[in-house]
Structures are given as C-alpha cells and as structure tokens.
Amino acid sequence: MKVIHESARIYGESIIGENSCILENVILGYPDRQILNVIRTKNIKIENYQCQGSNIGENALIRANTIIYCKVRIGKNFQTGHNILIRENTSIGDNVSIGTNSVIEGNTSIGNNVNIQSNVFIPINTTIEDFVFIGPNTVLTNDKYPIRKDLTLKGPVIRKGASIGAGAIILPGVEIGEGSMIAAGALVTTNVPQWKLAVGSPAKIVKLPEELKVFNRI
Amino acid sequence: MKVIHESARIYGESIIGENSCILENVILGYPDRQILNVIRTKNIKIENYQCQGSNIGENALIRANTIIYCKVRIGKNFQTGHNILIRENTSIGDNVSIGTNSVIEGNTSIGNNVNIQSNVFIPINTTIEDFVFIGPNTVLTNDKYPIRKDLTLKGPVIRKGASIGAGAIILPGVEIGEGSMIAAGALVTTNVPQWKLAVGSPAKIVKLPEELKVFNRI
Amino acid sequence: MKVIHESARIYGESIIGENSCILENVILGYPDRQILNVIRTKNIKIENYQCQGSNIGENALIRANTIIYCKVRIGKNFQTGHNILIRENTSIGDNVSIGTNSVIEGNTSIGNNVNIQSNVFIPINTTIEDFVFIGPNTVLTNDKYPIRKDLTLKGPVIRKGASIGAGAIILPGVEIGEGSMIAAGALVTTNVPQWKLAVGSPAKIVKLPEELKVFNRI
C-alpha cells in the first residue's frame, strides 16, 4: 500500500516503494537544468516530459513541501521533515532521516543510517558515509576560494560514524575521520583523524574522551 | 471575520480565532508521527482523520507555506513569515512573531511578546519566556553529545527579556538569564546570569553596558 | 514564449519578461503588510486586489515554492532555487542567482552579476553591489543592539566584487570593501578595506594573497 497525497507531483518515471507515504505538495523527479532547458525551448509541460524521475525505496515518509530531483536514488525507510531539497545525481542509503529546510545540492553520496538535522547545507560533490550525524544549521562547503579560482568543487568526506555538532562549518575537501566528533560551532579547516574531537574556531584537534568512543546510536 | 485562503489545509478540529488571516498553502493541525502511522496503516485520508488540530488565537496572520502541527496552542496576534514549521505539543503566548524558515521542533513553550527572526532552529524541550528576541540564523541545541549518549534531550531556557544576536549557538540546557544579551556569533556553553553580556566563541560573560540595561522593545 | 506553471500565483499587475519560466507554487506580487491589512479589513480576495505586483525581467528561471513580493524589480536572467523569499521594495539587477531557502527581507538593493547561495539571510536596508558572491548560511544583520535601542535599521554595504565565505556573520552597517574576501565563519565587526581578507571570530583584517586579487568569476 502507498499513500500519495493528491497534491503531490510525481514527475517522469519516478518509482516509489511499497508502504510509502508521500505528503502534501511534495515533488518527486524534479527536472534538472538540462531538462528544464528542453522544457522551456520546446514548450513541453513538465508533467508530460519523460525523464528518469527519482527512485524512492519502500517505507518512505516524505513530509509536505519536500522536493527531490530526478536521478536521485534513495533506499528504504527514508524520512524527511518539510521543505527539504535534494538535487540530482544523489544516492542515499537505507534508514536515512533529513530534517526540515535542509539542502543537498546534488552529486552527493550518503550512506546508510545517516541522520541530518534541520537547516543543513550540503554542497555538490560531498561524501557522507554510514552512521553519520549532522547537527542543525551546519554548513559543508566545496569551494576553497569562492569563485576566485577555477578549482574543481570538492565537498567534505565525512567518514563512518562521525558526529558533527550544530552550526559547525566544514571547509572544502576536509575529511572527518571515522568516529570523530565535531563540536558545535567548530570551524573545521583541516582533516580530522579518526576518533578525535575538533573544537573551536578555527578548530583544534584534541583527544576524544573515552566515554565518547562509542558508536552513534542511529 | 476570517480570511482563509482556498489553498490552505485545515486538519482535524483546528480552531482559528476571529479576524485571522490564513494564507496560501498553509497547513494547520498537521499530523504528528503517531497519527501519520495510523493514517498509513489504516489508509485514511489526512483530511478525514479526526485529531485535535491546532488552536490559533484571534487576529493571527499566517503567511504562505507555513505548517503548524496538531497539539499546538497559540495566543492572539500571532504573526509568521513564510515556510515556518511548528511541531506538536508547543504552546505559544500572545503577540509572538516568527520569521521565515524558522523551525520549532515541538514540546516547547514560548511566552508572550516574543520575536523570533528567520532561519532560527529551536529544538525539542526548549523554554522561551516573555519578551525574548532571537536573531536570524541562531541555533539552539538539546543534545550535549549528539547521539553518543542516552541523555534526555534538554533545550535551553531563555529567561524573560533576553536578546540573542544573529548566528549565535546556544548549547543544551544552558540558561540565558533575564535581560541578558548574547552577541552575534556567540557560542554559549555555560549559563549566563541575568543582565549580562555573552560574547565570543566560546562566549565569555562580561558586564552589560548600562545603556543596554533596558527592556526589549517588543 | 513564457512557461508559467498552472500552480503559480501571479498577483496584481506583475510583469514577467519574455522567455521566463515560473514554476510550481511560485507566488509573484505578494502583498506587503499594508495591502494585507486592506485585504483583511475589506475582505477582498488577494487574487482580486489591484496592486503593483513584481516586475521580472526576461529569461528568468524561478523554481518551485519561491515567493516574490510586490514592489520588487528584477533584471534579466534571474535564477532562483526553491523556497526563496524576496520582500517588498527590493531592486535586483541582471544575471543574479539566489539559492534555496535564502531570505531577502526588503528595502534592499542588489546589483548585477550577484551570486547568493542557500540559507542566506539579508535584512532590511542592505546594499549589495555588482559581482558579489555570498556563501551558504551567511547572515547579514541590521540592528546593532537588537531591539534595545531605537536605532535606524542599517544593513551592511557589500562593495563590488566582494566574496563572502560560508557561515559568515556581518554586523550592522559594516562596509565590505571592493574585491575583499571574507573567510568562512568570520564574524565581521568593522569595515573591511578594499582587496583585503577578513578572517576569524571576531575577524582580523589581513593581506589578501596576490593570487586572489582577481575578479570574481560570475
């Protein structure tokens, strides 16, 4: 059984797994820029354009006003708050939860059992492994010298089981090691080794207290 | 008289006070997780489910795309920007204004004459007393060691007349004293006594200039 | 040719340039508070109220759920992500791009070739000149002693070609000089001269490396 609210818009050949619940004004399979250009120049209705759509696994709960682009593939037990945006060429594993107003800009890989809170920004070309937690209002970046140099955009790599506190800022290409914790408000400018704590602005890397050397409870 | 836009969705037994204005695509009485589970498993249309809804006082102005959950009780003269989310079991007093994209996660108490700006995140189990101001992009938190320990989630307590600057981060359980000011960008890790100023990352508590020892003008 | 999705709402005498694409649930010409008061008290349907609307130049691409108020004038080649809010009395030049969930509060002037990323907050009375870049989750402010003093609200002035990193906080009335760069996470409390770098919380002004003394590539 599936619940798809009558106000939801399902574009292209989107696939929605069994037992899913797609709520008010959700849009799945949103056209990327290339498709929008075709739609504009050929004056095709979005509803009639045959594209790949999004692929949502079983038991998803996608709350009102969330938009998921085409070429997004999501595993089972996916849950969202409201107004989430997930752009094209993103793959998301099983048991992932994303909070209200968070933005995933595309070309990104997210593992299993990941918990992303509200108002988070995840740029193009980011990697988030399994069992990662990302606190509210955290921002990941991918452009070291914003639009001054023609660098390849390179987002952070967040390794398995890392936990990132609220309002943290992670600089481009930085790798957060397995099991590490990033304190709230930290500005992380360098790689963080596994099972360490990064704290401060800019962040210093210190010992992670023994009692916190445990897996995230996701 | 009430203005309820034809695109608004009013779920359950929501009550809307006189002289209120509920605008485009607003949803009131949104189902919490428990209700959603019933709706999913019994295949009931949301529109037909009899729940408690939200209770909005007179003279409210709720702008387009805002979502307010069931079991939310709000006083008179409530005003919102756009895309606000207010989750279940939240009580809000009179003369409260909440800015665009702010998220109130639920189980929270907000007093009278409170002004919350845009992009603010307020977690579960937060207390905000009367005459508080919270600047844009500020984030309050409730989990001290994010998902590493089974602690009770405990948000901050913001006492009467406190003023919190833009982009501040308030750690879990921290109490911001009556009349205190938090500087923009401050990372507040400890309680702030009344009528003090917290500034820096992490914040130091210093004297509040005499000229600022006045009540918020809300 | 224009594409205006059937779910978009175009209020007042809004003008939309040729070759524009206005997508799902977008609202143009949204009523400001004064108009809302008239609508409420006279019980007029928003759709029937004759106001100035918004004026959008040719070749605009306005993605789903964006809201643009009345008395907003935008040049050609405008592009938005989703859920953007632009309030009244704002003028925006040509070739401007604004990311998902960003909020522009009104009475603001934005030049040509400006790139504003996601989750950005821009308060009332801000000036942004040509070729400026503003990174994600950045917050500009306009009230030095939030609601403690009756100061005129004065937002920052961002001069031509400045680049502001992610998660920066810019204090009220601060001027960011031409060509300057603001590091990610910087808290900018004083004016920044032209072609300098501001870094830290609070920010120090240092030399901008020679290799970065180039124009933004917008």
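First chain written, first letter: the chains are A, B and C, and each begins at residue 1.
Keep this in mind: contacts are C-beta pairs under 8 Å (C-beta built on N, C-alpha and C of every residue); 3 or more make two chains touch, one makes a residue touch a chain.
The structure displayed is predicted, hence computed values, not measured ones.
**Q** Same residues or different residues where subunit A meets subunit C? The copies count as same if more than half of the interface numbers are shared.
**A** different
**Q** Upon optimal superposition of subunit B on subunit C over Cα atoms, what rotation angle is obtained, reported to the nearest 5 degrees?
**A** In short, 120 degrees.
**Q** Roughly how many whole angstrom separate the Cα centroids of subunit A and subunit C?
**A** Centre-to-centre distance between subunit A and subunit C: 24 Å.
**Q** If you look at subunit B, which of its residues touch at least two other chains?
**A** Residues 25, 65, 83, 101, 119, 137, 167, 201.
**Q** Which positions of subunit B touch subunit A when the two form their complex?
**A** Result: residues 9, 25, 27, 30, 36, 39-40, 43, 46, 65, 67, 83, 85, 101, 103, 105, 119, 121, 123, 137, 139, 141, 143, 145-150, 167, 169, 171, 187, 201-202 of subunit B touch subunit A.
**Q** Which of the residues in subunit B end up touching subunit C in this complex?
**A** Touching subunit C: residues 1, 3, 5, 19, 21, 23-25, 61, 64-65, 81-83, 99-101, 115, 117-119, 133, 135-137, 163-167, 181, 184-185, 200-201, 211-212, 214, 216-218 of subunit B.
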